[in-house]
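After the structure tokens below, expect a handful of questions from me.
Per-chain numbering from 1; labels A, B and C assigned in written order.
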Amino acid sequence: MFRAIVDNIKGLWSLIVGLSITGRFFFSPVKTVHYPRQVVDPESLASYRGPLELVPADDVGGSKCVSCQMCVRACPGNCLTVIKGKEGKAPETYLYDFTLCCLCAACVESCPTSAIRFSHNVYLTARTREELHMDLLADLKARAAKASQ
Amino acid sequence: MNNLNFINPFSVREDPGSSVGDLYTQNFSRHAKTGTVILNLGPQHPSTHGVLRVIVELEGEYVIRAEPVLGYLHRMHEKMAEVKTPWQFIPNMGRVDYLHPVAWNWAQVGACERLAGLEVPERAEYLRVISCELNRIASHLMWWGAFVMDLGGVTPILYAFEEREKINDILQIITGSRLTISYFRFGGVSADIDERFVRLTREFIPYLRERLKMYKALVTDNVILRRRLEDIGPMGVDICQRYGATGPVLRAAGLPRDVRRDIPYGVYPKLDFAIPAGPSDDCFGRYLVRLFEVETSLNIVEQALNELPDGPVKMDKAPKANWKLPAGETYFAVEGARGQIGVHLVSDGGKTPYRLKLRAPSFCNLSLFAEAAKGVLLADAIAILGSLDLVIPEVDR
Amino acid sequence: MDLSITSLAQIIIACLMVIGLMVANAVVMVYFERKTAGFIQRRPGPYEVGPRGTIQAICDSMKLLGKQLFIPGNVDWLLYFLAPVLAFFPVLLLFLPIPFGKFLTAMSVDEGILLILAFSGLGVISNILAGWSSNNKYGLLGAARAVSQSIAYEIPMIMSLLAVIFLSGSLNLSQIVEEQGSWPWQWNICVQPLAFFIYLVSLVGETNRAPFDLPEAESELTAGFHTEYSGMGFALFFLSEYANMLLVSFVCVTFFLGGWKGPFLDGFWWTFIKAYLIMMFIVWLRWTFPRVRFDQLLNINWKWLLPLSILNLWITAIVVKLL
């Protein structure tokens, strides 16, 4: 009986300790990053794997890709379609289905010319499935055009 | 109005094998006593963490019988292994157990390496240990929060998330992803650590040690929690071994079994770490063992960072995506956050493995539940379920 | 009390004002609770709707109003619809005898506290009806829990209030406030700290708030007795839950914390400030502790609170007799 009373008083004390901890946190600043107003430190996004992009070989949107199909064969999700162009080794189409991609880096690591890499685009949004079917060559050209402006 | 039979929940069931519910419920209720209520916990119940379904037979609030129903999240990972090259299967492993993907990575990659006899550079082995242990901490923290949430305390999980986010930030530097990590490669790891990784990890270790004191004051010492957990759901060594339970569940029962020590792999033999056994086989014992393992993992990370040798992180001529396994059969086990993760690999020398069997610790640990939950209150059954630290994708694979 | 036209009109006006108070209280408390939860968990809480999320609660209640009433199959129609209404209306009556200020009482009756204690028992009926009629096993378990919990916690609650009633010698709430002074050390809490503590614990139990929120224990019973309610039915349960919280806080303020009296400028604002401080405390409890188990909940009550409150009552009676 006496033991139970002492136990309960100790228990009540542990509750007060708990309240003091949450009370202290109540007055400490919030830890979340309030997205549209604040963004995550870009340093911590440097390694983030976003959707694939082609590495530019020159300033006008040429790519290093030699259409060797290594990435297509490596991909576990079959999300890449590379069609070789009529002349030379450069690809005519480089389609990338982000809905199937699991960001495993099999393509990036198997590319003999290091022509593809992960972008660090965390803020990608899409309203339809089709928006995630990307044409990487067009994307590369758009980026080159934007950079040259 | 509709064709459903009206079941008055108060009424005593006249026909025990009634045609209400699906096949599992019918089968379960065939053996029900009269005067009991059959209750389906899940698959969309808040405390089954995903889509586990448990059918329980209740008398009042006492659970007379419980039976887990699996398969709501079955994704045929073992079959997928047979149609993909070993390299292409690596990302699947992150999806098997989203809380401790690195250990699953290690299990599969390690099995393939053992079969092919690949040598892993020493630096890569250390990086494997560091990433695996950091991930184990994240997993245990997540469990801690979710377990307290099962018991009704909503706040601690958000504190656990603070730490987990920090670990995710650290792991993202080398792995590029935050949840379904695929970091390991045959013959090494995919990326080397940089100065920022080391700095953040070194900052994180003392920070988490401080936070663990707060966890203790806020939750572990809390009288409500202690009385909810102490002497609830005892699972002795005997029942654990009968059902093949491993990991913290077995260690809490008092048997210091740990794959890292018993079947050494990687560079664990070179590291000094304690394996807890006990203090008790109830829910509170399992709780304490996991919190102790967080500290152990912190020590391992600290040691591994100090002893980290220089060198390459990937062997020369590391296998590519179209790499073929040599013919043969092997088994490789690692210690995951939930217990022993085993990969049994059979290859006939073809492009894809002939068979890949995944031993999921959650699956074996879950099988204890039916026996441990007999005769306890419903609230205790939830506590027992939580204390097993189930990850449902891993149960179903 | 004469039932003249004026007093009837007074009661009707008061009822309307109480409904206003209940709705406003629910809206404020939803916002307040979510913000508190947010700050305790180190996140901002509601932020986007309105300046700093202030109209989030209003938008949510609009959403609840606009939602389809989803009725599960095989419910007992009459009781299913009656339950939320029954949860709501008794609370309305309970606010009438509360003295918000010296002259601000809707219906000053001599047996005010009896009225409150009698009608607060009605709330649990709605819980039973809701759990029973909605043809859901979780609801049923929640209802069964609600009954035993509510019965259990009413007793120490009454016992602790009785101790104060012994001191003041009146059942009239205004009278009880008048007995207390303006300064905190003249309040009943200093004379009856044990009774205050018992009342505080049973207050949490009586209003089904965490850590004693067993009837709606989320992780065990999904949502307990109101599992099958959506839209307006759920809103009414929510409204009455917060109104009940406010009511027991008002009673607590009246009995232990000096009612409308304060160190300076007596008035109804003191009642509200003190009541909301107690509400804040209840919210703080909820976001700190895990939930107790059901047998523990009853053990706390029958083995500790009840003997303590009886002991307290005896001591009070003896002291009152001797002095």
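Heads up, the rule we're going with is that a residue touches a chain if its C-beta (ideal position, glycine included) is under 8 Å from a C-beta of that chain, and two chains touch if they have at least 3 such contacts.
Keep in mind that this is a model prediction, so the values were computed, not measured.
Nearest to the overall CA centre, using the mean of each chain's CA atoms, is chain B.
The interface with the greater count of contacting C-beta pairs, when A-C is set against A-B, is A-B. Chain B and chain C, compared by their mean Cα positions, are separated by 42 Å.
In whole angstrom, the spacing between the mean C-alpha positions of chain A and chain C is 49. Remark: chain A and chain B have CA centroids separated by 25 Å (rounded to whole angstrom). Those residues of chain A in touch with two or more other chains are numbered 8, 15, 18, 21-22, 25, 31. Contacts with at least two other chains are made by residues 40-43, 287-289 of chain C.
Counting partner chains per residue, chain B has residues 155, 159, 162, 218-219, 222, 224, 227 touching two or more of them. Those residues of chain A lying in contact with chain C across their complex are 8, 15, 18-19, 21-23, 25-32, 34. Across the interface of their complex, chain C is touched by residues 1-2, 4, 6-10, 37, 39, 45-47, 58, 61, 148-155, 158-159, 162, 218-219, 222, 224-225, 227-228, 377-380, 382 of chain B. Those residues of chain B whose C-beta lies close enough to touch chain A in the complex are 84, 87-92, 155, 159, 162, 169, 172-177, 180, 182, 185, 190-191, 196, 214, 217-219, 221-224, 227, 320-322. Put simply, chain C touches chain A in their complex at residues 36, 38-44, 47, 284-285, 287-289, 304.
Listing the residues of chain A that touch chain B in their complex gives 8, 10-12, 14-15, 17-18, 21-22, 25, 31, 43-44, 47-49, 70, 73-76, 102-106, 109-110, 118.
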